[in-house]
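Both complexes shown next keep subunit A, but they swap its partner, so subunit B is in the first and subunit C is in the second.
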Partner chain A sequence: MSERRAADARAWVVLAYPVAMLGVFFLGPFLIMLAASFYRRIPGGFYEPAFVLDNWKQLLSELFVDRALFSLRVSLLAGWLAVLVAFPFTYALTTMPRRRQVALLVLVLSSLSLSEVIVGFSWSVLLGRAAGISNILVWLGLMDEAEAYAPGFWAVMLGLLSIAFPYCVLTMYPPLSRLDREVTEAAQMLGASPWRTFWTVVVPIARPTIVAGFLLVFVFTLGSYLISAILGRPEHWTVSVFISDQASFNANVPFAAAMALFLTIVSLAIVGAVLWFERRAAAREG
Partner chain B sequence: MRALRVVVTAIVVAFLLGPLVVVAVVSINENRYMDFPPEGFSLSWYAQMVTDPAWRAAILRSLVIATASAALAVSIALPLAYALRTYRVRLAPVLYALGILPFMLPPVISALGAQVFWNATGHIGRIENVIVAHAIFFSTLPLITISLAMESMDPSLPEAARTMGADQRTTFRTVTLPLLVPSMVTGFAAAFVLSLNEYIIAFLVAGFSVETLPIKIFNSLRYGFTPTIAAVTVVFILIATTVFSLFAIFGNLLRFLGADPGVLERAEAGR
Partner chain C sequence: MGGNRYSRREFIKRGGALAGALALPGVLAACGRTPEQAGTGASPTGAAIDTGNIAGTKIKVGTYGGFFEENFRKMYPAFTEETGVEVESVSQPTSETWVVQLEQAAKAGAVPADVSMLSIVGMLRAIKGDILATYDPSNLQNREFLADGFVRTNDAGQVVGVGAVSWYITLVSNTDRVPESPDSWSTLWDPRWRNELALLRNPGNSFLLEITAATHFGGYDVLQTQEGVEEVLAKLAEVKPNVKLWYRDEATAQQAFNTGEVSLGQFYHDITTYAASQGEPLRSVFPTEGAILDSGEWAITKTTQNLAGCVAFIDYMCRPEIQAELARTLGTSPTVKREFMDLTDEEYEAFSGPGPDAALRPEYRIYDEWEDWINQRWSELIVGVE
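Then we have the complex of A and B:
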C-alpha cells in the first residue's frame, strides 16, 4: 500500500508541470469563459461582472440559430463528401507500391500543412474570374466568357474539403494499411470480383474507420474560420466566424463566450453520441 | 476496379495540386494583377517578400512563435506521455483526455478562451500570449507521437537498466529518452508547421499588435490582392514539402503514419 503511494507520489512529481500548464492555460480559460458568459455587456466594448442570463438567451436569437444550423449542415455534408472520396483513395493508396505511397503521402502532408488562409486564397484564385478554371476553359475554347465561381456555397465546400481531406486520409491510413489482406484474397479466390470484394468485405470491416474519418472532418469543418470568410458571402459564414466577429469587431465577449461554450457542448455531444452508437453496434455484432 | 482506382487517385491529386499550381503561376507573373495565361516572368514578388520590412517582420515573428510554441508543446507532452505509461496513475484516462481535448475542439473555442484569459490577467497583446496559446493547442500532437512511441517501446529495455542498478532518473535519461527522440522530433515538427499556419487563435489573442504571417496575408487579401501573397504561399509550400520529403528519405514515413510493417514489406516486394 505504501509502495503504491510512493509510486503515486513519484508520478505526480513528473505530472505536476504538464498538468499545471494544461490546468492553468486550458481549463482556466474555460472557467473564465463560463463566468464571462453571465457577465453584463456594456455597449462600447466592455463588460462588468454580474449574473445575467441575457447572453445565454441570445443563443435562441434567429441570427445565431441560423448560423448554427447552417454550420451543422455544411459540416455534415463536408464529412460525407470527404469520406466518399477519401475512403476509396486511401484504400487504393495502401495497395500501391511503397514509393508511390510515399510520394502521395508527402503531397497529402504538404497540403495538410497549408494554412486556411493560403488554401482559401488559392481557391479564390482558381475559382475567380481573373486567373482561374474558367480562364483555362476560355483559353482552350471550351467557354465563351470567364465566370466567377467564388464567393459561393460550393466554393466554401471545396475549400473546406481541401482543409479536411488530408486529415481524413491520415486517419484512415493506419487501419486500412493493417487490414488483413488474407480476407480480401480469400473473397477473390472464392470468385468475388474486386468490386464486390470492396463493397461486401472491405467496407463492412472498415466501418469504424469510416466513422472516425467522418467525425474528424465534421469537427474540423465546424471550427473552420477563414475558408467561409474568404470564399463565402455573409450568408455562407460559419458559426466560428460569427463567434470571433462577436468577440473582436462587435466587442461582445459575454455573448461570444456563451456561444463558444455551447459549441463545446455540441461538439462533445456529437462525438460522444457517434462513438456510443458505434460501440453498441460493435457489441451487438460480437 | 483498376480503372476506378486510377480515376480516384487522379481526382485527388488534381484536387490537391490544382490550387498550388495556380498560385505558383500567379507568383511569377510580371504584372501586379492576376492574369491568366500569365504575362511575362518575374521574381520581383519574391524579392519584395524579403526586402519589404512588413513582410519580413511577419515572417520572422511567425518563425519565433512556431519554434517557441512547438518546444513548449513538447515540454508539456513529454512528461505527460511518460508518466501515464510508466506509472499506474488512477486518473490516467482523464489526464490523457485533457491533453487530447484542446486540439479536438474547434479552435475558435481555444482562441476565445485564451483571449478572455489574458484579458483577465491584464497582460494583453503580447507575443508570449500567442506562444502559450499555440503550445497548449498543439501539445496534443507531440502527446500522440510520444505516447505511440512509449507504447511500442520494448519494456524489457528500461527494465534491464533497472536490474543493472540504474535508478529511475538514470534509466529515463540514458535509455527511455534516447528512444523517444524521434517521436519528439516528429511531434515538434507537426506542431511547428501547424503553428506557422494558424490564424484564428493568433488573431483573437493578439491579432492587432502581433501580426503573424497568416494574419498579414489575410489583412492584405482584405485590402486587395498583391502577388507577394502568392510568393509567400509558394515558399510555404516548398518548406512543408521539403520537411516531409526529408522525413520520407531519412525516416520511415509510412511507419510513422501508422502503416503495418508486414504490409509494407509486401508492398516493397510487389514493386
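Then we have the complex of A and C:
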C-alpha cells in the first residue's frame, strides 16, 4: 500500500511541471480570454473592462452563424478526406520493408517543416494562372490558355489537406504498425482477398485509430485561418479569418474572444460526442 | 520575387507580429529600462520641451516594412549627425494592426517603437485609446512649412500627430493583360473584368465606400447617413464577381499585379511607379473621379522615455528638403506646402497626378463613428450573407 502511495507521489512530481505549464500557458490565457469576451467594446477605439453580453449576442448574427456552420462543414469534410487518403497510405506503409517505411516517414515528416504561410502561398502560385500547373497543360497542348484554380473552395481544401495529412499519418502510424499481422494472414488463409481483408478486418480493428486521425484533422483545420484567407474567396473564409480580422485589424478583442471561445466550445463538444459514440460502440462490441 | 521588398503598409501578419515581438526585448535593452519604469516619459503639457541634451540618446522609429522602411532608413543618419540622437528603424505592419500591437505593448509597459507612422484611421483609434504622447505645437519649428491640416491637435491644443507623407490609391493595371488602361473607377463594375480585380480587404483602408459614392452617387452626401451607406454598400456588392483578390497585405497584391494573376485594381501609386521603373509591367492611372489621397502621421507612443528626441525627429522630418527627397525617392506626396520645395512641375505631377485638389479624401468620420457597424455590413457584403 505504502509502495503504491510512493509511486503516486512520484507520478505527481513528474506531472507537476507539465500541469503547471498548462495552467500558466493554456488555462491562464483561456481565462483572460473568457474575461475579455465580456468587456465593453469602444467603436473606433479599443475596449474597456466591464461585464456586458453584447459580444456573445453578436454571435447570433447571420454572418457569424453562417461562417461557423461553414467552418464546421469544411473541417468535417477535411477530417474525412484526410482519413480517406491517410489511412490506406499509412496501412500500406506499415506493410512495406523497414527501409522504405523509414524513407517515406522521413519524407512525410519533412513536410511538417513547412509553415502554413509557405504551404498557402505555394499552393496559390501552383494553382494560379501566371505560373501555375495549368501552364504545363498548355505546354503539353492539352489546354489553350492557362487557368486559375485558386481562389476557390477546393483550393482551400487542398491546402488544408496538405497541412493535415502528415499529422494524420503520424497519428495512425504507431497503432497500425502494431497491428497483429497474424489476423490479416488468417483472413487471407481463409480465402479473403487483400481488399476484403482490408475492409472487413483492418478497418474495423483500426476504428479507434481512424477516429483519432479524424478528430485531430478536424480540430486542426478548425483553427486554421491562413489557408482559407490565402486560397479562398470571401465565401470560403472560415470563422478564424474573422477572429483574426476582429482582433488584429479592428482592435475588437472582446468580440474576437467570444468567437474564439464559441469555436473552442463547439469543437470540444464535437470531439466529446465522437469519443462518446466511439466508446459506446466499443462497449457494445464488448 | 520582390513582393516583400515592396510591402509597406501591410505585410504578412505573422511577420508583423514577429517584428513586434522581436522589437519588445530590443526596446527594453535599448533604453535600458524595465517595464515598471515605462510611462514616466509621458508628455508635459503646454511646455517647451528641452531638446538641449538629447545627444547620445536613442529612439526607435517605425515605418511600414519593405520599400517604405528601406527608404526612410536612409534619411536617419543625417538626423543623427545633426542632433546626436541615434535612430533605430523598425518595420511596422499596416497601421490598423500596429496600433493594436502598440496598445497591448503599452499595457505591458513596453514600446515596440517610440515614433510610428500611422494612417488616419489608425491615428483616430490610437487617440481614442489614449496611447499617444502629446506636446505643445511650439516645439515644432518647421510646422509653418506644413500644408493645412497636417498638425493634428487634441481639444487642449496639444499636438498628437504630424503629417509624415501622403499617398495616392489609384487604378493600377498590368500592362501585359490590359493594353489600354481605363481611366474611371466605374470600370470596376464592368463585367469584362470578371474574376480579374484586386481590391483592398478592409473598408477603412480601401475607401471603396468613398470611391463608390463619388462614382455612382455624385459625391459623399450619401455617406452622411447609415441608410445612405447601405445604398452605397449595395452598389459596391455588384463588383464582387469581378474581384479575384481581396488583399490584406500589400506584398500579395504586388505579386499578383506583377505576374498578371490579376489584371486591374486599386493599389498604391508610389510603389506602382517604383515597380514600373524597375521593369515590372505595371501602370498607375489617376481616375477622373479622383484618386484616394490618404496620409500617414507621425505619432509618439505615450510610454516613450525620450519625448524630446522624438519631437526633434518629427520636426526634422517636416523640413521641405526632406519631404522633397522622399517624394523623389519614394514617390510619396509631401505634407509640406509646394512653394517651400524645389520640386519641378514634372516631378510634382509624377507623384501626385492632377494634385491633391482633384483627389478623393477618405470620409474618416464614418469609420470613427460607425466602425463596427460598417465592418459587419462590409463582411456580410463580401461574404455574401444577405
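FYI, the second predicted complex is superposed on the first by the 262 of 286 C-alpha atoms of A that agree within 3 Å, B and C clash if a C-alpha of one lies under 4 Å from a C-alpha of the other, contacts with A are read in each partner's own complex, and residues count from 1 in each chain.
Please note the rule applied: a contact is a pair of C-beta atoms (placed from the backbone, for glycine too) under 8 Å apart; a residue touches a chain by one contact, two chains touch by 3 or more.
Small disclaimer: the values here were computed from a predicted structure and weren't measured.
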| item | value |
| --- | --- |
| Three-chain arrangement built on subunit A, subunit B and subunit C clash or fit | clash |
| Which of subunit B and subunit C A:P43 touches, first, second, both or neither | second |
| Which superposed partner A:V117 touches (first subunit B, second subunit C, both, neither) | both |
| First, second, both or neither for A:S61, with subunit B first and subunit C second | second |
| Touched partner set for A:S244, first subunit B, second subunit C, both or neither | both |
| Contacts of A:G128 with subunit B and subunit C, given as first, second, both or neither | both |
| Which of subunit B and subunit C A:A256 touches, first, second, both or neither | first |
| Which superposed partner A:Q188 touches (first subunit B, second subunit C, both, neither) | neither |
| Contacts of A:A148 with subunit B and subunit C, given as first, second, both or neither | second |
| First (subunit B), second (subunit C), both or neither touched by A:I136 | first |
| Location of subunit B clashes with subunit C - one stretch out of 165-173, 219-227 or 255-263 | 219-227 |
| Subunit C-contacting residues of subunit A that also contact subunit B | 117, 128, 130-131, 230, 244, 247-248 |
| Residues of subunit A touching subunit C in the complex | 41-46, 61-63, 66-67, 117, 128-131, 148, 151, 229-230, 233-235, 237, 242, 244-245, 247-252, 255 |
| Residues of subunit B that touch subunit A when the two form their complex | 1-2, 4-5, 8-9, 11-13, 15-20, 22-23, 25-26, 33-38, 75-77, 79-80, 82-83, 86-90, 95, 98-99, 101-102, 104-117, 119-120, 132-133, 135-136, 139, 168, 193-194, 196-200, 203-204, 207, 214, 217-218, 221, 229-230, 233, 236-237, 240-241, 243-245, 248, 253-254, 257-260, 263-264, 266-268, 270-271 |
| Contacting residues of subunit C [partner subunit A, same complex] | 12-14, 17, 94, 96-97, 99-100, 103, 124-125, 128-129, 195, 202, 240, 244-246, 248, 252, 259-261, 367-373, 375-376, 379-380, 382-385 |
| Of subunit A, residues touching subunit B in the complex | 7-8, 10-11, 14-15, 17-19, 21-22, 25-30, 32-33, 36, 85, 88-89, 92-99, 101-102, 104-111, 113-119, 121-123, 125-126, 128, 130-132, 135-136, 139, 161-162, 165-166, 170, 173-174, 177-178, 181, 193-195, 198, 219, 222-223, 225-226, 230, 240, 243-244, 247-248, 253, 256-257, 260, 263-264, 267-268, 271 |
